[in-house]
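Chain lettering (A, B, C, D and E) follows the sequence in which the chains are written, and residue indices restart at 1 in each chain.
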Amino acid sequence: MNLGAIIGLVMGLAILIGSAAVGSAPSGGMGSLWDLISLLIVVGGAIAATCIAYPLEDVISAFAGFPKVFKTQGFTFKDVVQDYVGLAEQAKKGELAKALEETPEHMPFRLGSIKDGIRMISDGMSKDDIRIIMENKEQYRALREIKAANAIAKLGEYAPSFGMIGTLFGLIFMLAGMALPPAPGVDPTAALISNMAIALITTLYGALFAFFFFLPFSEHLKYINEEKKVESALHLEGVMLLYDKIHPLIVQERLNAFLPRKDRFTDED
Amino acid sequence: MNLGAIIGLVMGLAILIGSAAVGSAPSGGMGSLWDLISLLIVVGGAIAATCIAYPLEDVISAFAGFPKVFKTQGFTFKDVVQDYVGLAEQAKKGELAKALEETPEHMPFRLGSIKDGIRMISDGMSKDDIRIIMENKEQYRALREIKAANAIAKLGEYAPSFGMIGTLFGLIFMLAGMALPPAPGVDPTAALISNMAIALITTLYGALFAFFFFLPFSEHLKYINEEKKVESALHLEGVMLLYDKIHPLIVQERLNAFLPRKDRFTDED
Amino acid sequence: MNLGAIIGLVMGLAILIGSAAVGSAPSGGMGSLWDLISLLIVVGGAIAATCIAYPLEDVISAFAGFPKVFKTQGFTFKDVVQDYVGLAEQAKKGELAKALEETPEHMPFRLGSIKDGIRMISDGMSKDDIRIIMENKEQYRALREIKAANAIAKLGEYAPSFGMIGTLFGLIFMLAGMALPPAPGVDPTAALISNMAIALITTLYGALFAFFFFLPFSEHLKYINEEKKVESALHLEGVMLLYDKIHPLIVQERLNAFLPRKDRFTDED
Amino acid sequence: MNLGAIIGLVMGLAILIGSAAVGSAPSGGMGSLWDLISLLIVVGGAIAATCIAYPLEDVISAFAGFPKVFKTQGFTFKDVVQDYVGLAEQAKKGELAKALEETPEHMPFRLGSIKDGIRMISDGMSKDDIRIIMENKEQYRALREIKAANAIAKLGEYAPSFGMIGTLFGLIFMLAGMALPPAPGVDPTAALISNMAIALITTLYGALFAFFFFLPFSEHLKYINEEKKVESALHLEGVMLLYDKIHPLIVQERLNAFLPRKDRFTDED
Amino acid sequence: MNLGAIIGLVMGLAILIGSAAVGSAPSGGMGSLWDLISLLIVVGGAIAATCIAYPLEDVISAFAGFPKVFKTQGFTFKDVVQDYVGLAEQAKKGELAKALEETPEHMPFRLGSIKDGIRMISDGMSKDDIRIIMENKEQYRALREIKAANAIAKLGEYAPSFGMIGTLFGLIFMLAGMALPPAPGVDPTAALISNMAIALITTLYGALFAFFFFLPFSEHLKYINEEKKVESALHLEGVMLLYDKIHPLIVQERLNAFLPRKDRFTDED
């Protein structure tokens, strides 16, 4: 569970709803913030424009990516280093292939990238082939996974734009209506003011969806992607060291270099 | 057929027209959204500025590129990998040149890049020459094809700018007119309000053309260009592996590295 | 003649003037769009700021660069490829030095870069020296020529800023004037409205000069620079191939890789 | 103590409070600038959105990073160069390992990076291993430490956005309230004006927190990160030179190249 | 003397003051443009925020860098090429070390970078050491000198932001004051209008300082930095050629490649 995203979402909603409730009290409640057509223009318009900009399957995988923001990966980089140090010891004994059947003691599962790497070593592939395969896998994984983050960022870019389009719709209709003779019994100034409030709602929705929803979620997916790049660099280094049967102590030193001092794996762990 | 673009276009138009119909009902219909001169300023101005910024043939090819957004390429990267694995088997038998006469079983056509690569191998060109030719072809293809996307992006950048220019025209004429004594029988406030609505229409058109049309289309062309880069990387790797007569299983592993796990070509396919 | 820039300029002016004529008809003509001081603030201010940002000779060469946008270079990349293929045939016969005295059949002139390259080969310079000289020439040419485009882009960036400064001047003076008791016989509201129109004119000028003039011209110069980079890459490859006395057919294949399929030089040409 | 940040903070606060005091004197004091709900929307909203965008521990370390802006590191690059020159002399005598036990004369402490480097040399690690470890340590340190700066920059990006959201809340409620019949004894224009002031407060808070607080602090952390990159380049070069037992005079010349002329270490120092 | 900056500054001031004088004539003179507190908020606030963002010594060196914009360096790149060609002739005669005692005929002084390079060659340092030292000197010089330009750019970024903060202060106090009962004998509309003018002044100051002062000066410092990069590339190439005792004619051809055709050094010079 990614506590940060949950805290952010709950705290943000509490602040927005609370302040809206307090602020709207003198003017008859929060009802004036709700307008279905405005919601359609902002969210529907942003999704429509994003469907043009990106293939449908990327837009769908972008929406499918939202829950990822609430998950954590269940292991630390230190666990990964520890696993490679353990594997380096098994490699020294010539038992690397056997390691595939086991699960590391300190982790509930063995990472797919580690298994793939050991399998390629055991299969007798050349070091260059393994390196190129691992580099390509990572490069194209990063390219693919950033797409979902980019599609959500586009939603965050288009939402305020459609908010502005909705506001312009509202202003134009309001002004066009004002040029007509007022309906009997209607106060034209009150009508203008009320229409103005409605016109501003799409701008509000655009800003809310962009800055409280689409953009932070997109940022988080980009963040996850960056973390995976670090993890992949660790795997590439680790597998290359296993291939060369490097001494476990050097493996530890080499892989610890990727981590901050306080998270490094030491023998006391 | 690129379903996403069609859904996006239809959904977006339905939302915009629907909400305009509902919103304009009290003020006498959607007629107040239509203004030919505003359309001319926004679209004509944006095209004029883009014609200055880019050579005419690029602007024309940009407009010719719009239909591309609705097309899909009719094959997957997995098909490409499968074709190279099949070719690697034929290369093992020394029958690579013969492969040029055939069409792969699982695809209705053989890709031009694959044919070019095999032909260069069969012609006895050096590996370095082939690699340099393929890299240059790709580099300059990407440079050329991004131009259409950039020209459409410029349209999307200039459209709101000319929208603002049109609005400034409208505001200045309106204010200049207000300083004149009002024509007899005309309510000056109503005239001001109605002129204001017209002035806002160019801003609306600028935003609509930019955010619902030019910018998402430009994004999609950029997306297609990125996909072609991945495809070209696949071809370069594939042809180099064919040149070296690498074993089909290694070819499969090397090329699968470019694809997400679920799309990889396996022998069960 | 670059037809695109001429069409863009004429079309844009026709649309702007035409729509201004129609729009200003009810308010006494287009005279309300003209204000000399506003023009001075926007264009003079932008030039002044650009003179601070760039050395005077660069600003002058930027203005000297405007006519370039209307010119075309008078040859295609295919002509360049054809010339190198012809030179490769002469190099095979050991007659490369003689080629300097001739003009290629299909072009009215021989390009300076080709002449320089052949001369360096004939002078017996080393391949590395020739490559480094050609690379440095191109790198520093691109750096120099982009400066003019950048200076014009700065004009396009500062023009709207000085437009805003002019508008703020206008608004402040207008409001300050309104606080004074109105002159006898002057309608204060009419004065306010008319001053407001004048204040908006600098914003309009800023937008017009930026989006219809400075920015598209700057874009076009950047475009020309990009095209020259492709041409230079072609020259570098061509001269290196001539140096190595590569077979004309390989030269043709290697250089064609820089061009789109439809523009490639083939023996039928 | 980083005097600049303290001067900036004190001077900025003095100017803002002083000018607010003078400016608000005719309208009954600075009380009109204080609104708790506006503060909650701007700061709370920005923190909430940042918690979604970044993991909680990064947001916390971002806030923990604020005091860093007021600290200085307590040594200059010249001190680092001097230490390496001294170590090069000890290395010449074969006493490098002993250096670990000492503290350099001109500095109150020995830097961790220098100690780590000497230890790796003394442990007999290969030059390549040491170089790769030092490069990876630096690359991933920079990636990690820039995160805190980025999270604070996000706060500075979201603060004005939530400022705008708060202002839209205020405007919508105000206009909605105006459409209601005014409460008896309340002047509706005065109510509108007073509500308008409150609506603008969130925009003000958003700008103040962004431009006077979050963005400059984030800039400073980025600055510190850039300085550390220079320091790390110095360590990498220094340790490599120690490994190769280079003459102290060359070490001095090589390392001085990183420093401005006036800060270089010379024998007179 | 950099004539451009002086022309830009004088011309810009003349235009701004002239147009302000003409524009303010009907409203009682330019006095309405002057407000000390607004100046304090904009300039003081921008300096305060920049002091937080950058170390104090960098802010001071940024201000110290302003006069640089008015200076020119007193030699051209052609002079530098000519000096290296002359030195290459002396190197041929084995008299390079002697060259250090002389001043080149066509220049009033010998550049420090040339002297440093010759000294290192004469000292018998290895080519690699000289190259690495020269590259590092240049890289870290560029990093350091761009800091002053960046600090001034930050001033240009913060000035309009504090302009907006000042305007919001003004608007909030004005609206808060309007909600109070008007002081006897004061026309509330006139007060509102006059306060509005004052509120706009900070926005004006922010724009003026940013677009006429901080940003163009920062641009110019960046420009100077780019020019120094070209000069440094010339020095690196020149010293490497001297090291290898390359023939003066090749030196001339190699170094001329950095210059535009019209500025190249030829034997006729």
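Going forward, a contact is a pair of C-beta atoms (placed from the backbone, for glycine too) under 8 Å apart; a residue touches a chain by one contact, two chains touch by 3 or more.
Bear in mind that the values here come from a model prediction, so they are computed numbers and not experimental data.
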Graph separation of chain D and chain E (steps between touching chains): 1
Shared chain contacts [chain A and chain D, defined touch]: none
Cα superposition angle of chain B on its copy chain E, in degrees to the nearest 5: 145
Geometric centre distance via CA averages, chain B-chain A, whole Å: 25
Chain A and chain E, separation of their C-alpha mean positions in angstrom: 40
Going from chain C towards chain E, every chain in order around the ring: C, E, D, A, B
Chain B residues within the chain C interface of the complex: 37, 40-41, 44-45, 47-57, 59, 120, 125, 129, 132-134, 136-137, 140-141, 143-144, 154, 158, 161-162, 164-166, 168-180
Contact footprint of chain A on chain B as seen in their complex: 2-5, 7-9, 11-12, 15-16, 18-20, 22-24, 26-28, 32-33, 69, 190, 193-194, 196-197, 200-201, 203-204, 207-208, 210-212, 215-217, 219-220, 223, 226, 230, 237, 250, 253-254, 257-260
